[in-house]
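Next come two complexes, and both contain chain A; in the first it sits with chain B, in the second with chain C.
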Partner chain A sequence: MNVRSQISSVFHLDKCIGCHTCSIACKNLWTDRRGAEYMWWNNVETKPGTGYPTLWEDQEKYKGGWEVTGHDLHLKMGGRGSLLGKIFHNPHLPTVDDYYEPYTYRYGDLFNAPKGDDQPTARPVSMISGEPMKIEAGPNWDDDLGGSPIYAANDPSMKKLSEQEQAQLFALERMVFFYVPRICNHCVNAGCVAACPSGAIYKRGEDGIVLVSQEKCRGWRMCVAGCPYKKTYYTWSTGKSEKCILCYPRQESGQAPACFHSCVGRIRYLGVLLYDADRIEETAKRTDPELVAAQREMILDPHDPEVIAAARKNGVHEQIIKAAQKSPVYRFVKEWELALPLHPEFRTLPMLFYVPPLLPVIATVEEGRTKLGDDFFSSLEQARLPLRYLASLFAGGNEEEVAKAYRKQMAVRLLRRSETVEGISREVAEKACAAAGIGTDEADSIYRLTSLAGLKERVVIPSMLREQALESIEDPHEHRREAGFGTRRKAKRRW
Partner chain B sequence: MRKKEWIRLAFGLGLLLGAAASAAAAESTAEKAERGEAVFQQNCSGCHTIGGDRPTGPDLAGVTERRDRQWLLRIILEPDRLIAEGDPTIRKLMEKYPMAMPDVGLTEEEAEAVLTFLQHPLEEQHQAGETAAAKGKTTEEPAGDPQHGRDLYVGTAAFENGGAPCLACHGIAGEGLGRAAGASFGADLTNAYQSYEREGLLEVLDSIPFPSMAPIYSEHPLTDEEQRDITAFLGAISGTPPKIAGVFALDAGIAAAALFGLALLFGWRRLKGVRRPLVAKTLRQSRREAK
Partner chain C sequence: MMDLLLFGIFPYVAVSLAVGVGIYRYFIDRYSWSSQSSQFLESRALFWGSVPWHYPILIILLAHFLAFLFPTGWGELLGRPLRLYLLEVTGLALAVWAFIGLVILMARRVGSRRVSAVTTVIDWLVLLILLLQVATGIYIAFTLRWGSLWYLHTATPWLWSLLTFNPQVQTMAVLPLFVKLHAVNAFLLVALFPFSRLVHVVSIPVTYLGRPLQVVIWNRQRDGR
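== the complex of A and B ==
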């Protein structure tokens, strides 16, 4: 057993209201500068939809992630030989238009326009070229367009549905959408790390945060192609790639990452997971439907004395083990099996998990009155979005995994209804809990962590042990008795 | 009587003076011709003869009568421009003498002197030139050592005066020299011996008439023995078929690969994008359905 620690997260989609506050917090903090205008380390997508960049889930187009060929795991983008052929021109990279051309408005014209008969207008201009442009796309262009014949209809997961199911989704009374906020998954088997020819991308040993060294990066952009989630971005002004850093500078000072901190719906949970690094390869090679369960198996119980001993032996600090025991992520992912990875079939073993959203059931009109489904809170069959769609998003096509998570969520709802409002008896609620395979105690703790938890419970940041990490790189006493700390290290640029 | 004597004296004096003056004028033309001869020997005789025959350049005996003086001045002073203009006379000559005349860098004055020399070749010089040309073919100068010539050519042996080895610029396809050694600045010398013959080569190596070679060897002239050795070497290898087989095929291959690469670069799904085709396709479909 090779125990490693990983800071991972859960996004509770049933609570997401799609307000984009997370995106703005991240933008203001990290990417509000030249060369990074187009990138959104955090973005919120409407599903069904094509996302950002357009059709990022379609790996036939972008060739991201891994595939199992024979007995081996290979990057879908190709081996060294074929990469060499594409080194100056990779046809599978998204263009800036696939993200969107960033734009602003010439607001100055509103004040400086010469006097005339017409109202002055602020023309849109490209933030890259400065030229006037026609706005055709944006980072959330299909926001709330659940029934859009362009965006929703072209969602890659739609292809998993039958023609009839697809047609039903675009009937006016059945239209549906939900939000998927996305940041870097800080995968255990990251495609970007494997794709980088310069060795610039690394997964921090102590917490598993995936970072791009701005000194080593040579701008080959293989990470952009290799990441199936398209969460590494190329900065045109510096010629380097950048990505979500999970706000490690904030975490190192004990603060929640900006998107977690600012989340209005409080959907974001953060905590430490312990996992067995020896099982990475074997897990990533499993068949699509097995992947969710296999990844869950890879995650270890931080209360298990054997695991704790192995973790200690592997240099995982006592404080991190303690944080892992309090981790809300562990409860959602492993204990309750409520949270599922996004597109596990990309085989990068993402460490960001989603609690699938409970969707409204189909309403029927009887005698001129709108009637909601008979079984408002417990019917999966009547959900507007077919389970198969959600399974293709969160479970590699395994509908049972999604159904299990839904049954539990519904049981919790029924239990709360029986306790707080009338109409549902305790018996019915308990029956639902039993059907979902949870006790009422467990249902209660799910409810508490979902609805009542404060920031400190939702975001359990372990001690980042910077003093220890620093000692491994440099001697803190090196500059004793010296005046000052010497010159600051300048970034090495080779051109 | 006295008066007559006076007149006679004066007449005689006048005659004398006149003769002296005309003698002086004749001398200056001769001097000029002499100077012209020196210039000719140094710069032209590598390729041209007067009353002889060389495969490198036309014989110049009586050339001043055959051609316009202005034209002759131009061919000496700016041969490249004359050739570039496609002068018909030059074109005709080029059929027989394939090597284009180099610009040897004479001043206008020197060119005039050469022309004067060609117009008034001193009789004895003329003959001497002829006999020398005739003698050259027969006299037995010591033959050069082709092996040492090869060493000098390749650079394994150094020139006494420190000149650069020939291979630095000239390849010899027949010997498999050049290309790989990077020698592609000058002409390939496989057939040099055939076009220049021994006399011509010795002369070229002695006087270095080519302007691109002059700055390299003017400070580091070749010794007589070295000249003979190199000539012997060039003679020995003259006319051998090229050893670097498929040089053309190699070039063609590289060119084809480069073209293929370019075609791929520009033609093959070059960042076609995803969003625009997606939107366009969907709009097309919906329009078709609306119809």
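== the complex of A and C ==
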């Protein structure tokens, strides 16, 4: 057993209201500068939809993630040799048009335009070339367009549905969508790390955060194609790749990452998971439907004395083990099996998990009125958003994994309804709990962590480990007389 | 005197700059060390420019190095006319490919407004000097046959004399203007290397072939490890 610790997260999609506050918090902090305007380390996309960058889930197009042929696990982009062969031109690399060309407006024209017959207008100009441009896409371009034939219909997961099901989804009364906020998954078997020719991308041993060494990066841009989630970005102005750093400078001083801290719906949970690094490869090689369960097996019980001993032997700090025992992520992912990884079939073993949204599934339409299904368990098959769609998103096609999570969520709901409003008897609620395979006390804990938990319970960061923090290796006086965050060197091309 | 300056002194200046400034840049400003790829901004023309440029020029460069490092072996290899013709024709074809690739790359820097927005003066300087280098190379291959043989008696001894710090410029001094231009221009590229995006040529990621795919780094080495 080779125990490693990983800061991982759970996003509770039922609570996400799609307000993009997380995206803005991140943008203001990290990517509000030339060359990074188009980057959204945190973005919120509407599902069904094509996402950002457009069609990122289509790995036949981008060749991200891993593939198993026979007993061999290799990057979908190709083996080491063939990957290096693409160094002069990588056919799978998305271009800026797959995201959007960043733009601003010539606001000055509104004030400086000479007197004339027409109102002056602020023309849109490209933030790359500075020239006037036609805006064809922008951040969250398909926001809320869940029923659109342009965006939703092209969602790769939609191809898993029958034509009839698709047609049903686009019927106006049945139209349905939900939000998926996405950041870097800080994968255990990261595609970007494996694809980097320079070896510039690495996983931090202490907390599993995946970082790009800006000094070692040579701009070969393989990581951008190698990441199936398209969460590494190429800074066009400096020739370096950048990605979400899970706000490690904030974490090292005990604060929640900016997107977690600012989340209005309080959907985000952060905590430590201990996992067995010896099992990475065998886990990533499992068949698609087995992947969710296999990844769960890889995650270890932080209360198990054997695990604790092995973790200590591996140099995992006492504080980290303690944090792992209080981890809300462990409860959601392993104990309750409520949270599922996004597209586990990419085989990067992502360490960000999602509680699938209940509402778009259970609501049905009768006589033009939306109503919550009473007979939930028999109606999962007729769910408004087919389970097959959600299974293709969160479970490698394994519908039972998603259904299991829904049964538990529904049981918790019924239990709460029986306690707070009339109409559902305690008996019905208990029956639902039994059918979902949880006790009422467990349902109660789920309810508490879902609805009542404060910031300190939702975000459990190990106590400050000065001796391990990167901060103690860098010169603290370097930033004297500087306000707030900044880059140590201006991200600007100098040679 | 001019010959001594160009073939006896300038190469040392160029190499000194390459090594000195290269080391300075690597240790003081490693952040700037990048291939400065612009594929993200424009992909299609880059394919038709970058691929025909890089592969042929690498093979041609390798041939130049082999003839310099192993003159005897090289001479024996080309001792038969058939082999000589084959190599010359191949070299010429590759050079023409590289030339076309380079022209496409330059056209792309003008034609794409996005790419021209990230193009600097030194980028243009590098492209122009490279174009001149390939053009003179092709001209020499066409007019002064057979370059791959007389290289052994002119450039090879000259380069070895430079390497042994005993510069002998007479073999170069008698050569036609275009050959001289080709040689001096080559060292100009060496001099330009540390000041431009050319630095990426020494970052060939061969270690990728051998390293473990997943990289894990601890901020501090763990106890007992």
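Points worth noting:
Here is the rule we use: the second predicted complex is superposed on the first by the 444 of 495 C-alpha atoms of A that agree within 3 Å, B and C clash if a C-alpha of one lies under 4 Å from a C-alpha of the other, contacts with A are read in each partner's own complex, and residues count from 1 in each chain.
Here is the rule we use: contacts are C-beta pairs under 8 Å (C-beta built on N, C-alpha and C of every residue); 3 or more make two chains touch, one makes a residue touch a chain.
Owing to the predicted nature of the structure, the values given are computational and were not obtained by experimental measurement.
Of the two partners chain B and chain C, more chain A residues are in touch with C. In the superposition on chain A, A:D276 makes contact with neither chain B nor chain C.
Using the contact criterion defined above for the overlaid structures, shared-chain residue A:A137 touches chain B, although it does not reach chain C. After overlaying the two complexes on the shared chain, residue contacts for A:I201 are found with chain C alone; chain B is out of touch. Residue contacts after overlaying the shared chain place A:L93 against chain B and chain C alike.
Of the two partner chains placed around the shared chain by superposition, chain B is the only one that A:K61 touches, whereas chain C remains out of contact.
Contacts of A:T50 after superposition on the shared chain: chain B is touched, whereas chain C is not.
When the two structures are aligned on the shared chain, A:S237 is found in touch with chain C, with no touch to chain B.
In the superposition on chain A, contact of A:I150 is made with chain B only, not with chain C. For the contact definition in use here, the residues of chain A common to its chain B contact set and its chain C contact set are 88-89, 91, 93-95.
Residues 25, 29-43, 46-47, 50-51, 53-55, 113-114, 116-118, 120, 122, 195-197, 199-200, 203, 205, 207-209, 211, 213-220, 222-225 of chain C are the ones touching chain A in the complex. The touching residues of chain A, counted against chain B in their complex, run 50, 53-55, 58, 61-62, 88-89, 91, 93-95, 97-98, 136-137, 149-150, 153-154.
Across the complex, chain C is touched by residues 4, 80-81, 83-84, 87-91, 93-96, 101, 126, 128-131, 189-190, 193-194, 196-199, 201-206, 214-221, 224, 234, 236-240, 280, 314-315, 467-470, 473, 489, 493-495 of chain A.
Here chain B touches chain A in the complex through residues 265, 268-276, 278-279, 282-283, 286, going by the rule given at the top.
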